[in-house]
Each structure stands twice: as C-alpha cells, then as structure tokens.
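Naming follows writing order (A, B, C and D), and every chain is counted from residue 1.
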Amino acid sequence: MDEVEVETVADPDLDDPAFVEGLPGVGHVGKLAAEHLVEEFDGELVRRVHSEHFPPQVTVDEASVARLAAAEVYAVDADGRDLLALVGDFQAGDAVGQYRVAEAFLDVAEAFGAAEVIALGGAPTGEMVDEPAVIGAVTEADSREDFEAAGVEFRESEPAGGIVGTSGLLLGLAPRRGLPAACLMGETSGYLVDPRSAQAILEVLERRLGFEVDFATLEARAEELESVIREFHEGGGPEPAEPEEDLRYIG
Amino acid sequence: MDEVEVETVADPDLDDPAFVEGLPGVGHVGKLAAEHLVEEFDGELVRRVHSEHFPPQVTVDEASVARLAAAEVYAVDADGRDLLALVGDFQAGDAVGQYRVAEAFLDVAEAFGAAEVIALGGAPTGEMVDEPAVIGAVTEADSREDFEAAGVEFRESEPAGGIVGTSGLLLGLAPRRGLPAACLMGETSGYLVDPRSAQAILEVLERRLGFEVDFATLEARAEELESVIREFHEGGGPEPAEPEEDLRYIG
Amino acid sequence: MDEVEVETVADPDLDDPAFVEGLPGVGHVGKLAAEHLVEEFDGELVRRVHSEHFPPQVTVDEASVARLAAAEVYAVDADGRDLLALVGDFQAGDAVGQYRVAEAFLDVAEAFGAAEVIALGGAPTGEMVDEPAVIGAVTEADSREDFEAAGVEFRESEPAGGIVGTSGLLLGLAPRRGLPAACLMGETSGYLVDPRSAQAILEVLERRLGFEVDFATLEARAEELESVIREFHEGGGPEPAEPEEDLRYIG
Amino acid sequence: MDEVEVETVADPDLDDPAFVEGLPGVGHVGKLAAEHLVEEFDGELVRRVHSEHFPPQVTVDEASVARLAAAEVYAVDADGRDLLALVGDFQAGDAVGQYRVAEAFLDVAEAFGAAEVIALGGAPTGEMVDEPAVIGAVTEADSREDFEAAGVEFRESEPAGGIVGTSGLLLGLAPRRGLPAACLMGETSGYLVDPRSAQAILEVLERRLGFEVDFATLEARAEELESVIREFHEGGGPEPAEPEEDLRYIG
C-alpha cells in the first residue's frame, strides 16, 4: 500500500462545492454534523482514503464484514448546493502522517474544483452548554463578515491553544493552494458526544451555504442522550438543577 | 537490513493452502492455536520475516543461542489439508510498520497460492469464560455461511472496537489482492493465557478446513494453568464459587 | 508540503549577523529574550519555516485568522549591529525532525552569512532565583573569554544533562559548517515564565554584541507576574518570606 | 546530516580485533566495562558515529564545550590483543533507528576486520548481588565452550525476556555478515550503577581474550558507591544486614 492512497469510487461533476470536514474530535461535533449531511441528503461516496498513518485496524459492520480504516469523501447535493463531506472514524496517528493525509484531502477538494474548505469541530468549554455558540477561525480576515452574518462568533485569539489535527491542518495548508478555509467550532462540554452542538453548526452552514436540512434524527439522538443522563443522575439521587454539569462520560 | 526482509528457508509446493495467522495478542489465543498446528503436524519452516519495525531485540533459546526478532511461516500438512501458519513473538511497534509487515505476510501467502487468509485471536470478555464461543468477522458477507456451519458466531458490529494489529490488517489488506479473509476470535477473559479458547478456535478450524488434531498438550497446559489458579485462590482463603473471575494475571 | 520548507519573505543584505535562537523551552527564557529583540528593534520577517515535524496545528491570531505552525526568522538592526532572531511557538516533536529542522535553521544562518550562532534558553534551578546568573556552553573553548567578559559564567560540565532540543542541536551541528556557536542559559526556577531571566540574558548580549535595548516592557511583564504570585500567596494565607519558592505554575 | 554518519578519526591497522560494545544499559555495566578498557589501555579514537536517531542533544564537557550526541569507537591495544571498544552516552530512541545504527556499528567492525563481536551488559536480578555471575548468550552454539572456560554461565533460555537494544541487535545482525557474536551480562540489582559487575565481566574478557587490566579505579568507584549506600542507610536508622537490598537509586 502507498503511504496515502486515494481510491476513486465515483467522479461526478460538482458545481463549486464547499469541502466540509467532519472527522472525529471534541464531542464528535464535526463528525455528527458532516455525517448528518451525508445521511439526510443521501450523499454519494466519491473517494476512499487509506493511509499507513491511520491506525492498523479494521472496523466491523452490522453484517460482520471488516473494512480497512479509511476516511471517505461524499458528494452531497444539499438543496441544489454542492458539498463534499469528509467523514470517517480515524485521524492519522503521527504528525508527519497528519500533514500527508491532509494534503491528500486537499488534493480531492481541488480535483472537484472546491470553492472553499470548511472544517467542523467542537470547542470544549468544560461545562454543559445549553445554547452552544459557534466559534469561527478563518484563513482570510475579510471572509469573517459572511460567517458572522450566518451566526458565527469570532473571538480574539480563540481558541487559545490553536486548532489541532486535520481541522487545523486544512486551515493551515489550504491557503497555500489559493483555497480559502474556515473552521466552525460548536461549543460543547468536551465530556459527551454532542448532537445539539452539531445542530448549531449545521444551522450556521444552512445560512452560509443556502440549504435546509431536517434535524429530526439529530434531535432524537440528543433527546435520547439527555434521557440517559437524567436517568443516570436520578439513579444517583436527587440532583434536579443542571444535573449534567459535571459529567465525564463519552457516550 | 531492509525495512522488511523475507528470507526463503524452503519452497515446497502447496495445494491452495489456507494462510493461518497466530501472532501474539489477547490471551495469546491465536498464537497458542497456530503454534499447536505447527507442533502437532510437524510443520516445515518456509519463510522467516525480519523488520526494522520489529522490536530491536533477540530471543534466547534453550541452548543460549540468540536469534533476531522474527515472524515465521510454516508449511503444515494437516491430514492432507495444506496450511501456512504464521507464528512469532512480535508485532511491529508502529502503525506504518504494521502496514508494511502485513503486506509482506500477504506476499508470502500469495507466493504459495493461498486460497484464503484466516487470522486467529482472542475476544476479551473481562470475565472468566467456561465455554468460549468463537466470534467471526469476514471480508465477504457470503463467506459467513461456511464459518457458521463450522460453529462460528457472527454478532452484529462486533467486536465494537474493530480488530487491531496484524489480524486486523490482514483482513483489511487481503481483499485488495482478491484474497478472501476471516478473523476467528475465541472468547477469553483477557487476563490470562488461554489454551481452552485456543482449542475452541481449533475445533472450528477442524470443521472448516477438514482435519483432526490432537488436543492433549493444549488440554494439559489448560489443566496446569487451572491448577495454578486454584492454588493461588486456596492460598488466599476460601473462595469456592467461580474463584477465577477477577484474576488479572497473565501467566 | 516538503518535510521542511523554508519560505523566503525578504532577503535584505546583513553585515555578519549573529543568529540568535529563542524557541520555546525552560521558563520560555530564550523565547522571551529573542522576541523582545524583534519587538524593540522592529525586526523584519525574512524567513518562515514550516515542517511536517511541527505539530499538526494552526495558531489563531487576534483577528481570528489561522496560521500554520511555523518558526520565523527576523532580521534585527540592533543599534547598527545586525542580528537574525529565530522565534516561534513550536519545536519539532521527534528526534529525526529536530535534526532536520535544525539543519534548515543553519541553512538560513549561512544564507545570510551569519558570523556565529547564539542559542538562548533557561537553566532550571528548581527554586526561585533573585539574581539569575547566565550560564554558558560553547563549541570552541577559546570563545569563552569574550562571553566571560560579557558576564557569562562557565561551570565545569554544566548543565549536567547536556542541552536538548533546537538549542542543543544548533551547538552540535553549527561547527560542522565552520560556524562557532554558544548557548546562553539564564537561571530560572523552571516553574514559571521568567522575564527577569530573559533580561539577564539580554544584558549579556548587549555587552557581547554591542547594542542597548529598552527593558521597560520586560520589566512590566515581570512585575505583573510577581504581583499575581503575591496575590496568589496572600490569598492562601500569610507567607511573607520568599513566597514564590515552591510555585509550580507556568503562567 | 545523514541518517547515520560515521566519521573516520583514525585508521590504524588492527590484528583480528574483538569488537566490544558498552553502550548505556542495565546498571551501566557494559558502559563501565568498555570505558575501563579505553581508559586503562589508553585507547585511540578511530570512529565517531552520529545519527538523527540519537536524542537531539549535546553533552557539555569540563571546559564547557558542547559536543553532539555520538557513539565512539576506540582502538585498544590490550597487552598486545587488539580490541575495538564501542562507547557513548546514547542509544537510538526508536526501533528503526536502533537497527540502522547497529548496522553502522557492524560496518565499522567489518572495516577493521573484526574477528568477533562481544556485547557487554547487565542482567537485572532485582536484588543486591555479592558475587555477580556473568551470564552469556551466543550466536553459534559451539562458541559456548570457550566462554564457559573463561567463566561464563549459560542458562537455558535466559535472559527470559531476550536481549534488547544495541547489544541485542549486534547479536541479531552480526551472523548475517558471517561474524560470530556473544553477549556477556553481569548480574546486577538493576537499581544502581554497578562497577563490581563490570569488573566481573572484565575478568571474563581477560581470560577469554588474553590480557590483564588493572581494576584499581573500578574498585575505588565501587567502594565509594558502597560507602554512600552505607551512609544513606545509617542515616535512615539501624539496618545492619544486607542494607542495600531494596535500594532503588541509580547513582
């Protein structure tokens, strides 16, 4: 196998697609959001990316069929707006690998004539968040306005620790190819998978890119999760107000 | 030394051999099972594999002779059924190395015209198991039937964390060469070397591949181990029922 | 991206510049000192260095603009004395990367005809230091005299553990190019960012290289830090004498 | 710098030298022994080996002069018996590097026409040892006799965990070049630098290779160490018999 291998599964013509990244990260916010787009708009798998820098691992599906660790790119027709959604269960495990895999992702974006890159993720707050804000970072200062109009908050020098992993590198490397990029980070506790924060990001994307998506499955998932948390706390005794605040469980 | 080096020790003609992997892993179940085949059927060493990705280490044998860390492939004539058994004391220590060594193993399988790859391992349950089931994962859904007939259980999306290491990569990489692959995982506590789980896997292999093997040495080893555990518990005071349940010792 | 990439931002003619390194390290002493020179003398960015061995990360500035992890070299006119100041937020994360990035830094030094390399850092003492000495190590024994005249102390076989990271490698690799090098280490507790130790190093550099720099901002920063420490201790109860001695906080 | 770089410092003609390795390891037994040979017989530095796989580090000598992390090979004339002694403060930090550096060491051995490789090290016992035995492992079973005659003990399948690091790889890789190799391991607690164990190894080497070396400095060092340990225990209260038995200090 090559160090990074991009397999072409389909090659549709897309119209200035936005390349939307949602690999695993804080609260799986970006992953939930990007996967929701693929599911709701019935995305078409166009590329599969394998790499020696991914974990030496297969995943096993419902039919007990094993598949090599991969990231996948789907073409998504979102109400007539073309997107490319990058999803998967893995990031590269070492720094050199992260750089090489990120370049491969940008090669895919360029091959489809992507107009911009939007990395999705979570911004950990350390406490439960009722109405998660969506924080942004961009590669060109004058692109802030459009994102602000869509509801993104830009906070001076935040996140303080920078942005790490694939999301960070897409922002770091895209401008070297003339591609503008942004990162949208939904506030989230950092302790739990967070469908509400994913929804907050998607609402921004709806306004920014001009589509509408149904949130029923994300909402159902959020309610299910909240019900589990409630039961967990009730089982532990009466803690009525803001019971979730100190949870440390990734569900 | 090359990054991965395959030394040809012998080159017998084999008839559509099954390539059976048993490197160290959970409960050493796969290793015990594959080594048992090599010993009982008096396997012939055909390939020795060294790699810069194996630990920088030699093993020392009964004669105080040191040998470089290696994986070995044996040709095994199991009642007329040809097998290749991959055994050894090491896996590669980094992700890139795991991929490269796994490709070298598949090169060997192909060189002998292997008909299929069967990776053996343990499925950790966290508690002592009296009658270990054998869980399976495959690369082609329609191969499940044959394994089920041999006693393998297929459980939806299990193991949940996927399959890691050499076993996982053989499943992930074999189909890219047109080779079907399966992983058979014997249930095991995860705390102890488990000859009973190895026997359960071998009983499946007997039915699947059509051979019979003597289990006397594996059974002796299991009884010896169980006797040690009993003494350990009796020394610690009266704990009659299911005394092994919380052992954390790899013997 | 190449493994190490040096981007030319400007290419001024410099007169036998000293190449002064101040990447992050113990007490951020070297970083504070080198950045102070860039700020006070209004340095000009001449090179930007990226590497796959830097963390896969972007930093986010006050305008929420993300920039790929980088080290930067500034040309600094210090009262007519030409310097090159190497600053940044990162060191390479693995040994091979450290060597390759250090060679790239020395390529830059050579390209500008640097006369010598001076690495700046902190020497951890484990306790608060009122008047930090500046400890030195050199690549040529007869260069000690000049540094001693500037106030550097040379202590036999110190630091005992050697000098690690970029500072160490610049000393290790520069002589192979015929470039003399020295490392100046300001004593510092090792627990706190230490502007006073950075000032001690800069006072040595002033004498050694022949320039004068204003310390007002460093002093303000030191006082602010000391005031925070005092408050921290007063909040914790009356600890009048040497209250800082057991702090373990990097501010 | 190249990945591994061998600098020729001198190129004397040697007569079938034994290549004796003493890099840092358990109890620094091998390092003490090999350095003792270099010092007592006034060895001549013949090769310096640098590598990107060594720590990114310089050591600082008594004159405050920094030197890049290196391993060094000395030609030693031991009463007319030619030796090559490999000494230094570092081993490679990763598996691939260990293999590549070990091959470079063997290149040096071959360039001088070495007749055999003898790796020196410590065998940890977990408790203080009064009269350390010297345990051996070899690459050719029939070379055991000569070592046994010199006082080496060969114990079946010991050390149980094999031999790791440079010592292990020299044994693993030398036979691939037709070079016989052995590893001599002095028993040692594993908790302390152990000059007595180093002396035990050297006494074996004297008999095996036919030279005599003065042990005064090693003995002085051992007595100094034992005196420190005694004081440590007397300070801690009356513990007359075998006071060293549970020390966990590397001096």
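General remarks:
Keep in mind that, in the parts below, a residue touches a chain if its C-beta (ideal position, glycine included) is under 8 Å from a C-beta of that chain, and two chains touch if they have at least 3 such contacts.
Predicted, not measured: the structure shown is a model, and the values here were computed from it.
Using the contact threshold fixed earlier, the set of chains in contact with both chain C and chain D is empty. Of all chains, the one whose mean C-alpha position sits at the greatest distance from that of chain D is A.
Judged by shared residue numbers over all numbers used at their interface, chain A and chain B contact each other through mostly different positions, with under half in common. Taking each chain's centre as the mean of its C-alpha atoms, chain B lies 53 Å from chain C. With centres taken as mean Cα positions, chain D sits 37 Å from chain B.
None of the residues of chain D touches two or more other chains. Chain contact topology: the protein chains form a single closed ring, every chain touching exactly two others. The complete set of chain-chain contacts reads A-B, A-C, B-D, C-D.
Considering their complex, residues 1, 3, 52-69, 93-94, 97 of chain D touch chain C.
Those residues of chain D that touch chain B in the shared complex are 92, 95-96, 98-100, 102-103, 136-141, 144, 154-159, 162-166, 168-169, 171-173, 176, 181, 183.
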